[in-house]
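In the two complexes that follow, subunit A is the common piece, with subunit B as its partner first and subunit C second.
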Partner chain A sequence: MLQSACQSDQHQFSRRRWLGTAAAGAAAVALPVFDPAVHAAALQRAAKQVLFIWLDGGISQLESWDPKPNTEFGGPFRAIPTSVPGIHVSELLPQTAQQMQHLAIVRSLCTQDNAHSSGVDRIQRGDPKDRGVVYPYFGSAVTKLLGPNASGLPPYVWIKPLSGGFMHKDAGFLGPQYGSLAFGDGKPPQNLLQHANVSDQSLQERMEIRAFADRQYARGRPAASTEANGFVYSMGLELMQRRQLFDESTFAPADVQRYGTHDLGRHMLLAKRMLEAGVQFVKVNSYGWDTHGDNFNGSWSLVRRFDQPFAALISDLAASGLLDQVLVIAMSEFGRTPRVNGHLGRDHWPEAWSLCMAGAGVRRGIAVGSTSDKGTWVTSQPYDIGHMFHTWFSALGINSRETAWDNQGQPLPIAHEDCHPVTELLS
Partner chain B sequence: MLSKNYSRFSRPWDCLSALNWLTSESSGSKERVGAAAFGCCGGFCRRLPLFRSQHYSANWSAWQQRLPRPLLLLAMWISSTATVTADDLAQRIDAVLQQSFAAAQVAPGPVSSDAEFCRRVTLDLAGRIPTVDELAKFLSDPDPQRRSVLADRLLDSPEHSQRMADLFHVMLMERRGDHPEWTVFLRTSFAQQKPWDQLVREILDPQESPEQIRGAAWFITRRLEKVGQQETDYPGLTRDIGRLFLGCDLQCAQCHDHLTISDYRQIEFQGLYTVYRNTSIRTDVKFPAVAEKPLSRKTDFMSVFDKQPLLVGPRVPFGIEHEIPQFESGQEFAVAPDRAKNFPGVPKFRGLRLIAESLPSAANRRFAENLANRLWFVMFGAGLVNPLDQLHDDNPATHPELLAAVADGVTAAGFRIRPVLRQIVLSEAYQRSSLGAAAGAVPYQYGQEKRLSAEQLLASVLTACGTGGPAATADAPAEAEQKRAEAFVKAFGNIPGEPELEFSPSLKAALFVLNDPLMQEQIQPGGGNLSERLSQNGDDIVVADELYRAVLSRAPAAEEVRFVCEYLGQRREHRQQAIGNLVWGLLASTEFCLNH
Partner chain C sequence: MQGINNQQGELRALAKIPTSCQMSLLRYGLDGSLLLAAGRDGRIHRWRLPPVGLPLPAADAKSPDAGESAELPPLVGHNGWISSLEISADGQWLLSADTWGRLACWPLTATAERPHWEHTEAHAGWLRALAVTRDGSCLASCGADGMVRLWNPANGSLLRQFSGGGQDLYSLACHPDGQRLAVGDLRGGIHVFDLRDGKHLTTWDAAEFYKLSYIQEVGGVRWLAWNGNGTVLAAAGCIPENGGFVQGVPALRFFNTADGSVLQQLKLGDNQEGFVHQVLWHSEDYWMGVCSGQPGRGRFFLHRTADEAPFCLNPQPLANCHSAALHPLGRQVAVLANEGTYGQQKSMAKDGIYPGNTSPIHVFELPASGPVS
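== the complex of A and B ==
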C-alpha cells in the first residue's frame, strides 16, 4: 500500500494535475494533453534541479568574481589565476579558483534597486514589469514550471540560519502551496520527526488504515478530495522516512572537514544531500554580507567561508555527474561600491556587479562581461536580473519566451519580456 | 497572492497584465507612472475585449447554462410576485430546485441516511461531530419529526452560539489573528441572537460602551494597523466592507468605473472610502476603538481614464450621498478632543454613523443578498453567486430565484440568522445524500463536500476521542486549551487575509496529524478516552462498531468490520497499540476531515 505512493510517471502527472487545479488560489500552467513526446520532454525537465546560494546583504564583486588589484578602489587583495587560463578571481577564492573549469562568471550585472528591503524581493522575483501582482520567487517559479519529480520530497527546500517552517511568501500569486519548506539552522521543521511513542511499524500501519478508509470513502464519490489528501500524507511520510538526510550525526567526518564546520559549510553539505536525494530546488542563505564598515577584514572571513564549501560542492557535483542536471547559482541582491567609504567599507552598488553559476545547461569555464578599470561601470552589454531569469530558465530546458504563467486567465510572462536569455552563457 | 474569492473576476491587474504584456510594444512608461500612483492598472484595462471573453471561468457558468432560460425567467417572475416568509423558505428552496431537476431531466439523489444527516447537521450547527450517545439516541428515535427536533435542539444549544462566533470570526477576520474583546463581542452577539443588521451596525460604527460590544471595533482597528513601512491600508478596509457586507469587491472601482461590471462605479468605492479613510486607531484607551476626524468637505477623485475631477461625500455604495453640514471653526465637535489625554473627540457630523445607519438595512437589497449567499455557502459549500464577493448583474446567481427567496427569508426573519439556517436544514436539498455524486451531476442533486474549519476539526477530534469534556489537569487548563486551539489554526487555517473556502490539504496539516504531540495525546490510551475504552473490550466486532460510530459517526460496513477484525487478529500481542493506530487512521481519513 505504501509503495503505491505515487512513483509511476503516469501518477506524477495526476499529481501535477492536482497541484495545478485543486489547491486554493493556484495559478495553473496549462496542462499538457498526454503526448509521448511532450511527456519525455517533461520528464527530462523534471530531472533538473537547482541550488540557489543567497549571500544576503551583498558580496563585494571586487573581493570575489571581479577583482581590480592595484587600482584606486581595488583594495588590498590580489587576483589569482584559476584553472581556466585568462580568468582571474580574488585571492579570497583560492579553492573555487581550482573549479573554474565548471563555472560561469557574469561580471556585467546592472540592476535597478539599491535597497535591501525591496532589492531582495525584486532580484529573487526576477524584477518583472510592475503589474500589481506579486511574482513568485525563483524557487517557487522553478518548482511550478518543472512539475513534481519522482523523489516524493518537497520540491522547494530553504536551508537558512535562525527560524524555519512553511514559508508561503516566496510563492507570490502561485499560491501558498508553492512556498518553501524552511530548515531553520539546518533543522527539519516542526512535526517532521516521528513521535517517540509511535514505532516505524505503527506508522506504516496507520498509513495503511488511512488509505483503506479513503478507498472506502471514495466509493461513489468524486476522487478529488481523497487524492489531494492522500498526496500530502505520502509526501509527509516520504519526508519523515528520509529523515537521516537531515541528521548531521550521519554526515561523514571527512565531508564535514571539507565543507567546513561553520554554518554555511554545514548548510551546503546538507544542501548537497538534499540534491542527491532529489529535492528539486534548494536555497541556502548566508547572512551578514552587508560590509558597510571594515569591508576588507569582513570579506577576508566571509568570502573564504563561502569559498571552502562552494568549491567542495562544485567538485562533488561534477565528480558524481550531478552537475549536468543541477543548476548552481551564487549571488546577492546587488554588489558593493567600488569607492571605499570612511569606515573602510563598501556600500550598495547595483550598477556593476557579478554573480557565479554552473551546471545544467550553463556553459563551463567562462567569464562573461566586463567592467571599467576601476570596476565602476559595466563596459560590455549590461545584464539585468531579467536576463538572468531567462538564462536560468533556458538552462533548465524551459522556453522562457513562450512559457507564460496563467494567473487564472491572466497571461503573465515568466521573465521580464524586455530581456532575453544570454546565449553566450548557455552550452 | 489572493485567493479565488478575490480574484477570479476583473481585477485591475488582470486588465493591466493581459493587455500590457500582449501589446507590450505600445505600453509606454508614462502610463505606468499613473498606475503606480493609483496602485492600479493605470488604465490598461481599457483595451479590454480579450479580457471580457475570459470573464466567466470555471464551473459556475456551466451550472447556469444547464438551466433553460424560460424557466429562469418564470422562476424570477414567481419570486417577484410571491412574498416569502421565513417559515416557508424550505419549501421554496425545494420547489425551485425541483424545477431545475425537471428541466435538466434528472432525478434528485436519495435522501441522506439518518447517520449522515446527524453528522452533517451537528457539524454545521454545533461545530463538531455527534458523540456516540447522541448518534445512538437519534438513530433509535421513532419520531418522524426527529430531524427537525434535532435541528431545533442544536440551534438552541450554547454550542450553536459558539459555532456561529467561530464561523463569523473566520469569515470576517480571515485569519488575521484574534482579540479577546472581539471574541466577547461575537460570542455575546450570537448568544443573544443579535440580528445581522444590528451586528454589522456595531462593526461599522463601533461604540466604546457597553463593554460587551466595544470589541466590534477590532474589525476596523486590526485592518488599520500598520504593516512595516506600508501606508495604512484604508483602501483595503473599504474593500473588505464592500466584500464582506455587500458581496461586492469594489477594488477596481478605486481608480475608475469598473470596465466590465456596470454596477461597480468609482463613486461606490469613493463614497465609502471618504468615511473610512477619515478614521484611525484610538490610542487613549486599551481596548480596540476607532477615532473619527471631523469631515468638512467632499473628497476629490478622478478616474485614471478621463481625469475629470469629481467630488463625493459620505455615501453607501449604490445608495444616496449625504450632504456635509458646515460648522464654525471650533464648533465641529459634539465632545471636544482632549490633547492631554490623547482623546480624539467626537465630531457632530459622523460619517461612520451615516454608513452604519443605511448600509445594514432591509432597504439595501445587496445587504440581504450577501447574507443569504454567505449562509447558503456555509450550508452547501458553494454560494448561489460565486465568487462570494462578486454580486452584480453580470454575474447572476446559479439559481436567481433561490437567491431572491433566501434574501426574502433573511429580511422576513428580521436578519436573525437562526430561523434561516433552520429552514435550510429542513429543506430536502440540504438533506440529500452526498453518496453517488458523479462528475456532471446537476447542482444540489447530491449533498456537497464542505471544508471543516480548524475549530470544527479540533472540536471533532475531542468529541471522537471522548476527551472533549472539562480539562482534567488543574494547572491552567484554559491556557493549555488556547494553545491547542492556536496549534490547530496554525495547522489547518489559511494564511492571513485569505478566505477559507474549499478543502485544501497541506503538507503542514499532514505533518501535524502525523506527529504533533497534541494529536498523539488524543490517540494514547488514558483518561477514559476512546483508545482506552476500545482496548478494554475484547470483542473485535464491537470494537469495530464503536470505533466507526465514534470517529466517523456511522456504523461500519461489513468489509470495514472485516478489515478491523483481521487487523486486530494479527496483532493480539500489541492490541492496545493497534487500536491507537485504528483511531489515528480514521482521524486522518478524508471522510473525517470533511463535512459531506
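== the complex of A and C ==
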C-alpha cells in the first residue's frame, strides 16, 4: 500500500488542488499577506457560482428582451408587460416575464464581431486586447479566480446537446486543467460506472498506482500539463461517487413538466441539480439559434422553449435562496438584424443587442440601456463584452480592475482595460 | 431537382409594382379592379388596376414598371403583420387577419376606411389563415392557439369553434362542396373536419414537412388548396434539413380526397432552399404556386398533377416568392417576391437610414392556352 485508505486519491487531490489553486489564485488575485478580512472575502467568493446559458447562433433581441412591436422591423409579435412595471418583453417570454423582478436586462450591447467562427470565442473570452495569448473562457476564468469550493465536484461543467468530453481549449493560457467537462446530452462520461469485476479494494490500489505513476511522470515536467492529467482522473472518481446526479428518474415529475421534456428543459433541470450540488460554473448550451430563415416561426418555437425552463430555474433559485449566490447569464454571440431578409430570417447583428442576467451581485428588476425606435442602433451608453466581463467579475466579488492574470510572469488584465463594470447593474 | 420542361409555356412580364415594405400575401378583388397585399407593416396595401388586367408593356420598354397600377391609401387598424386576406364569395367584402389575433371585415371598395366588423382577439395571438366557403356562408380561421373558428362573414358572429387537431395550425382550405374543411398543422398533420358540426373526419399525413431540430420545431403545412372539383388536395411546405437557417426542399404533396392516398409528391428545389408558400388551382386544370429559398432563389411555377415536373417556371429566379394571386379573368398572375439587402452589413443608405427590404409585385401574363400535356 502506498497510502492509507483514508487518504484516498481524490481527497488528496482535492487538498492538493486546493493548495495549488489557492496559491495560483493568490498570485492571480494579487492578495496581500494573510489578512482575516481578506480571507473571509475569499471564502465568500468561493461560495459563488455561475450558470451561463449559451444560445448558440444568436437569439433575436427583437423576439426576446427588446421588442419593438408595430415598427418597421418589429416582426409579428406583441410585447407583454412583466412583473416590473414599465418593462416589457416579447410575448414569447410569458413565464420569464413573471420573473422580471429577479432579472436584469441589458439592451445596449454593441460588440465587434458578426461571425460565429470568431464571435463565439471573442465573446466567451471577453474580447481582450490582442497580446498574442489565448485568454480563458469565462467559465475557466471564474473557476480559476474563485478557487475551489467544498463540493469536490468538477468546477466547470458544460451541459450540451451531442457529444461530451473534456474541453481543454476553454482554458486558454490558464492550462488544461481549467477546461470544461462536457456532459453530452446531459449524460455522464462514458464508462463512468465502476466495472462489476473491479472491487473497491482493487480500484483503490489502481488509483494509488496511477497516482504514483503520475508523480513519477511529473518530475521535471510543467505542472500545468501533468496536473491536468491527474485532475481528469480525480474528476472521474468524484463523479463515480456522485453518479446519482445524472439519474433523470430521480427528478420530480412535476419539475420535469415545469422545465420541459425537450433537450433544453432537461439540461436546465440537470444544471439546477449541479448548482445545488455545488458545481461552481455550469454552462448550458442550446443550438440552432442562427435563424437566417423563417426567424419568426423559429423564434416561436425556440424562444418559448427557452422561456419555460429559464423561468422555472429563476423561480426555483429565488425560492431556495440560491439565487443570492448564483450569477445567471443568458446570452448569445450577437443579436440578429432588425432588417428581415427575403427568407424571413434575421441575420447577424452585433450593433445593438441584448442579454439577460440575474442573481449574485446583480441588481434586480431593471432594464439597462436602450435602442432606437426601430431597434437598429444603441441610443444609450453602448456596452461591449468587456464591460460585461468587468460587471460579472464584480458581481462575483472579484475586483476586475486590480486583479491580473499571471501568465508565466506576464501580468494580464482579467477584463478589457478600456472597459469598466456597469455599476447600475450591480446590487 | 426534378426535370423542368419550360418549353410548353412562357410567362410574359407585364409590370413590376414597387412596394414600401415586405408583404406576405396577395389577393385580387373579384372584379379585378383592386389588388391587395398583406403588409408586414400591419397595413393592407391596395392598388387600383384596369379590371381587364394590365396591358402589355410598350415594345421599347427595357424592363417592366408599375404600368397602369395606382396605389391607394392602405387600410389601417391591424397590428403586427397582416397574416391572411380573403375575399367574400360575393366579392363585396375583404376579410383580413393579423398576427396579434385580430380578424376584420372591410368593404371591398377603393374608398373603404373602416371595417364593417372586427374581433380584436379572434384568436389568442398569431391568426395564421382564413378560408371562405364557396357559397359564402362560412369564414374559417385558425391560429397558433390550435383552434379553428367558424364565423358568419355577414356579421362576424361566431358559429362554431373546435380544436384543430394540432398545437400550431398553419393553413386552411374549404372543400368546394362547402361541407369539409382541411386544416394543416406544424407537424405535418392535415385534419379534415365536417364544417356542419365540427366533427373530425380524418387526418392525412405530411409528416415529411416537419422536423425537430434540437429544440426547434421546423416546417409545417404552410398552405392547403383543393382543385376545382375537390378531388385533389394540395399541401405545400418544405422537407426541412435543419433549423436555424431552415433550409430544405420546397415540396408539394397531393392527396386523393376520396381515400387520402398520396397521388404525388413534387420537389421544387434542392435541399438548400425554402418553402412552397402558396399553391392555387387554375380552372384550366393546373396548379400554380410560389416558393422561396436562400438569397436569390425563389420560383413561380405551373404544374399539372399528372406530370412529373412543372411545365412552366419563371425564367429568371425571383428572389423569395411568398404569394401569388390569380386575376379573375385567369390570364394574369401577380407574384410577390423580395428585394433588398441580405446579410448582416450595416447597409446604410445615403441619408443614413437603415433600409428594410420590400416585396415588389411582378405581374405576368400566363401562357395563352394553358399547359400542353
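In this text, the second predicted complex is superposed on the first by the 352 of 427 C-alpha atoms of A that agree within 3 Å, B and C clash if a C-alpha of one lies under 4 Å from a C-alpha of the other, contacts with A are read in each partner's own complex, and residues count from 1 in each chain.
Everything below uses one rule, namely that a contact is a pair of C-beta atoms (placed from the backbone, for glycine too) under 8 Å apart; a residue touches a chain by one contact, two chains touch by 3 or more.
None of these values were measured; they are calculated from a predicted model.
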*Please work out whether A:Thr337 is in contact with subunit B alone, subunit C alone, both, or neither, and reply first, second, both or neither.*
second
*Name the contact category of A:Thr226: first (subunit B only), second (subunit C only), both, or neither.*
first
*Name the contact category of A:Gly288: first (subunit B only), second (subunit C only), both, or neither.*
second
*May I ask you to decide whether A:Tyr383 touches subunit B, subunit C, both, or neither, giving the answer as first, second, both or neither?*
neither
*Give the label of whichever partner, subunit B or subunit C, reaches more residues of subunit A.*
B
*In the superposed arrangement, does A:Phe77 touch subunit B (first), subunit C (second), both or neither?*
second
*With the two complexes superposed on chain A, say which partner A:Trp349 touches: subunit B (first), subunit C (second), both, or neither.*
second
*For A:Asn191, decide between first (touching subunit B), second (touching subunit C), both and neither.*
first
*Could you tell me if A:Leu302 is touching subunit B, subunit C, both of them or neither one (first, second, both, neither)?*
second
*With the two complexes superposed on chain A, say which partner A:Pro176 touches: subunit B (first), subunit C (second), both, or neither.*
first
_Quick check on my understanding: which residues of subunit A belong to both its subunit B contact set and its subunit C contact set?_
none
_Considering only the defined contacts, which subunit B positions touch subunit A in the complex?_
1-4, 7-8, 11-14, 16-18, 20-22, 24, 32, 35-36, 39-41, 51, 54, 57, 229, 434-439, 449, 494-495, 498, 501-512, 514-517, 520, 524, 552, 557, 559-560, 563, 567, 577-578, 580-582, 584-586, 588-594, 596
*Contact residues on subunit A for subunit C in the complex?*
57, 69-70, 72-78, 91, 114, 161, 262-264, 286-294, 297-298, 300-302, 305-306, 337-345, 347-349, 351, 374, 376-377
*subunit A-touching residues of subunit C, taken from the complex the two chains share*: 21-22, 40-42, 79-81, 83, 99-100, 125-126, 144, 168, 213-218, 220, 242-247, 274-275, 292-295, 298, 319-320, 322, 337-344, 346-347, 354-357
_If we count contacts the way the header does, which residues on subunit A are in touch with subunit B in the complex?_
22-25, 117, 129-134, 154, 166, 168, 171-177, 181, 189-195, 197-199, 202-203, 205-210, 212-214, 216-218, 220-222, 225-226, 228-233, 235-237, 239-240, 407-413, 417-418
